[in-house]
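Structures follow.
The same subunit A turns up in both complexes below, where it pairs with subunit B and then with subunit C.
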Partner chain A sequence: MSLWILDKGAIAPFVEGLMAEYRVVGPKAKGPQFAFGDITDPAQLRLDYNITILPPKKVLQPQYERLATFTLGEDPQVEPTIEAGPTVLFGVHTCDLHAIRLLDKAFSEEYPDAHYLKRREQTIIVGLECLEPCDEHSFCKSMGTLTTDEGYDLHLTDLGPAYAVDVATEKGKTLLSQYGTVREATDADIRRLNEVLGAKWPRFTYRLDFDAAELPALLSTAYDHPLWAELGERCLACGSCTNVCPTCYCFNVTDEVNMHLTAGERLRRWDSCQLDEFASVAGGENFREARKARQRHRFFRKGKYIYEKFGELGCVGCGRCIRACVANINIVDGFNAIHGTA
Partner chain B sequence: MTDSIYVPEMARLVDVRQMTTAEKLFTIELPGGRNLGHDPGQFVMVSMLGVGEAPISITSSPSRSNGVFELCVRKVGDVTNAMHALQPGAKLGIRGPFGHGFPIEKMRGKDVLFAPGGLGLAPLRSLINQVLDERGTFGRVIILYGARRPEELLFKDELDQWVARDDVECRVTVDRGDEMWDGHVGVITTLFPKVTINPRNTVAVTCGPPIMYRFVLMELLGKGIPETQIYLSLERRMKCGVGKCGHCQINSMYCCQEGPVFTYAQIKGVEEAL
Partner chain C sequence: MSKPKVAFFDFASCEGCQLTVVDALQTHLDLLDAVEIVQFREAMTEKGEDYAVAFIEGSCTRPSDEARLFKIREQAAVVVALGACAHLGGVNALKNLHPLEDVRQWVYGDKAEWYETYEARPIDAVIQVDAVIPGCPIDREEFVRVVKALLLGKKPPVPDYPLCVECKLKENVCLFHLGKFCLGPVTRAGCGAICPTHGDGCEGCRGLIPHPNENAMKDVLAEAGLTVEEAVARFTMFNTYQVKDRMVEEEAK
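The block that comes next holds the complex of A and B.
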């Protein structure tokens, strides 16, 4: 819509203003790492972060979420609960912006999920252009998620002393005009922005040995690849890879009852296809019992199944699953190994 | 009130009938006696508040709705154990119906061969009774039903009626008989040589324990029934019923959406299917 300039010194007052009206969630230091968390002081916001431990999906699809409350007894009643409130998700990197677009599709197609969508509707997203790779595990350039021109309301690009702010939606425009002290970008600013955006590309490397667009076709020939047995041997089935994945949205639903056994709540929580019981039924049959089959399922969801369902790949190249894996399972190496033997 | 897809409607249990030591038949009424509006082969998510939710196939036919529907449920997990403790008049949560059922319109004019094993009769019964209620629009109706033991046979009264009918060829077998059993003994596949069919004009419908499918499929294919005319109803873990939670995925397919009824052609070579 339009481009504005926000001096770095104006970030703190901007965030402070937002905090009065919104829950502001952004990257904060957590030990030597970073994590999205509630910003209660603008100084906590670390826009210089590389990558967060968990993706911003935790704001839109929380680890635990109440779907309903109910009463027990003769005439049990159940009432839906929507846990949503005005939120600004501040400083989302481009790979995660792509992931959120995918979550939006997953929760809106066919049977719209009011719990997610209400929260999404009340969430304003401020994106942040990545200018440096997070570390050696990022492969966003290979996945085509190194930049984006959608999936945000406002998008910041670091120009040195100031941020260029791309205003993409009416919501973003209102937010910026209400709380931000900005000036309109000049031709010189636009030239500077283009320089910065141009200069970032060589800093990132392609890590897949092939074009990611080939992944669905490549995997369709790799169902019986020996790689799965090898990964199955190493995988500890801990579910870390799916928990940290910005596009994994599978969930479990469980009931919790109060101590008096008179009422309770129905909770949705993250689940993982890597866990043993994920595909087992009450009669005892487990339809994805072998770890190799579970790892294959993850690779196939990322590289094929989600593509077939939504028209885009289920992996955004953030590298979180690689960093989190205690068995050093590396999805890039996996895809490359399949490509190398295809 | 919001339109959450995850919140069940509280329905009333009208009747409970013990069928075997492990299975009960539940007759359920939605608020206001509204019809469920299902297709044969679809399922509902049943909520036992405080315990959880599980997918259960609907065993009654749309043609016999009358403001109620039936679920035939084996006591095997948390939710089904809780259901088995219910008395008539109790409330339980219902969501659905969900999924793709049997494409009955494609079956009209054809011979229909049903091959349920054990509890697999529950989902097939929704179609069997619909076919029998519209008997004139189908060719032959053949039912080959197998259970492990005589006391595990479900819907015995209906089985007797089907056996007695001139326009239904119904054969029943048990893996092991007892002193009272004077019927056929042997696994379900031993019934297949007893029937001659015209494979091109036959649609086969089967459901049973996973171990059964391979053997029944071999028989059906051996008789020359085309892969696109063999229907199976598959069981999976489900937490949503609407293609989101991921539990029921069979390779790329969501059992709750694309299934639970599949043709053999759809799942042939799909490793996670059977």
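The block that comes next holds the complex of A and C.
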């Protein structure tokens, strides 16, 4: 919609202003790493972060959440509970912005998810353009997620002493005009922005050996590839790869009742196709018993199934699954191995 | 509906799990509305024998333990293993790694022959166990959840997935990224990943998950810098009874 300039010194007052009206969630230090968390002091906000352990999807689909409360007995009652409030999600990298767009589709098409959608509706997203790779595992360039022109309300690009702020929505515009001290971008600012954006591309060197658009077709011939058995040997089936994935959205639902068995609540938490129990059904049958079948399923979700369902690849190249895997299973190596032997 | 009568028993153990039960009773007073405790040496003087549910802490380490276990099994409709010693054999089973005579000499010296101890075993090696509450000690909230499930006649909700799940969902920094060691990828969750959350690697007190990839775990530990002896020490801390035979097999290779 329009481009504005926000001095770096104006970030703290901007965030402080937001904190009065919104829950502000942004990247914070967590030991030597980073995690999205509630910002209670603008100094906590680390816009210089590389990557968070969990993606910001946890703000929209929390790890654990209560879906409903109920009473038991003669006249059972069910009351949905949606815990959502006005939130600003601040400093989201472009790979995660792409992932949220995908989650929006997953939670709104076919079976609209009231809990996700309510939170999504109340969340204003401030994106942050990536100017260098988070680390050696970032392969966003291959996945086409290195930049974006949608999926945010406001988007920041670091110009050195100031941020360029792209205003994409009415919500973003209101937020900026209400809490931000900005000036309109000049021609010189726009030239500087173009320079910065142009200079970033060569810095991203880690990538697939082939065009990611080939992935769905490539995988359609790879169901019986020997790679799966090899990964099955190494995989611990710990579920970390999917738990840190910004586009994985599977969950499990359980009921908990009180001690008197008169009332209870329905809960959901993140689930993972890598876990033993995931494809188990009553009677003890497990439809994806072998670890190799579960790893194959993950690769196929990311490179084929989600594409077939939503028209875009299920991987945004953030590299979190590579970092999280203690057994060093690497999705880029995996895809490249299949390509190399296809 | 009359309240189910419940009894607590202990075998070779530190009684820490029963103390955790006492603790849970203080924060969940409604537990006492739901069940009637008729025997609990740790916490009361009365001693009723008409129990329907038996919670057993501790491992079986003597022939005389077997007779007591059979008697409990005969009376109780439901037997629950309480904590790592009852569930796994636990730290007590570390002695199984050494010749029994040496162990007895070490502990009892010249009185060794006065004592009838033998290899430590989990109680399901002796009698049928209907449910387990894992951990060293047990988690008090999980104890409450299991009791509720038993009251409903449902399978207790003890997770079958590994600790890494709870640790990741808490967004802890992975201990392997900090140069530490952890059995989280092969250990049953349910403790809220309490040790890794406080910076200590998991030692496996809740037992291994149903299909642990032990070979991959050993590779990961080796790559992280653990020697074979150190890796074995980690695996056997609580799970000697479960991994000993395989270890002996491997050593023979």
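Basically, the second predicted complex is superposed on the first by the 341 of 342 C-alpha atoms of A that agree within 3 Å, B and C clash if a C-alpha of one lies under 4 Å from a C-alpha of the other, contacts with A are read in each partner's own complex, and residues count from 1 in each chain.
FYI, contacts are C-beta pairs under 8 Å (C-beta built on N, C-alpha and C of every residue); 3 or more make two chains touch, one makes a residue touch a chain.
Note that the structure is a prediction, hence the values are computed from the model and not measured.
Engineer: Would you sort A:35 into first (subunit B), second (subunit C), both or neither based on which partner it touches?
Structural biologist: second
Engineer: For A:257 in the superposed arrangement: first (subunit B), second (subunit C), both or neither?
Structural biologist: both
Engineer: After lining up the shared chain so the two structures overlap, which partner does A:291 touch, if you call subunit B first and subunit C second: first, second, both or neither?
Structural biologist: In the superposition, A:291 contacts subunit C only.
Engineer: Spot which of subunit B and subunit C makes contact with more residues of subunit A, would you?
Structural biologist: Of the two chains, more subunit A residues are contacted by B.
Engineer: For A:327, using the defined touch cut-off, is the partner it touches subunit B, subunit C, both, or neither? Pick first, second, both or neither.
Structural biologist: The second partner, subunit C, only.
Engineer: Give one of first, second, both or neither to describe whether A:249 is in contact with subunit B, with subunit C, with both, or with none.
Structural biologist: In the superposition, A:249 contacts subunit B only.
Engineer: Which subunit A residues lie in the overlap of the subunit B contact set and the subunit C contact set?
Structural biologist: Touching subunit B in the first complex and subunit C in the second, residues 254, 257, 261 of subunit A appear in both lists.
Engineer: Can you name the residues of subunit A that touch subunit B in the complex?
Structural biologist: So the residues of subunit A touching subunit B come out as 67-68, 70, 72, 75-80, 82, 106-107, 109-115, 118, 223, 249-255, 257, 261, 264, 266, 268, 271, 273, 278-283, 285, 287-288, 293, 297, 300, 304-305, 308-309.
Engineer: Tell me, which parts of subunit C touch subunit A in their complex?
Structural biologist: Contact set of subunit C toward subunit A: 28, 30-31, 33-34, 144-145, 147-148, 151-152, 157, 160-162, 164-165, 168-174, 176-178, 184-186, 209-213, 215-217, 219-220, 223.
Engineer: Note which residues of subunit A are touching subunit C in the complex, please.
Structural biologist: 30-33, 35, 52-54, 58, 63-64, 233-240, 243-244, 254, 256-261, 269-270, 272, 275-277, 291, 323-324, 326-328
Engineer: Sort out for me which residues of subunit B touch subunit A in the complex.
Structural biologist: Against subunit A, the touching part of subunit B is residues 1-8, 10, 47, 49-54, 74, 76-80, 91, 93, 209-210, 235-237, 239-240, 242-252, 257, 271-272.
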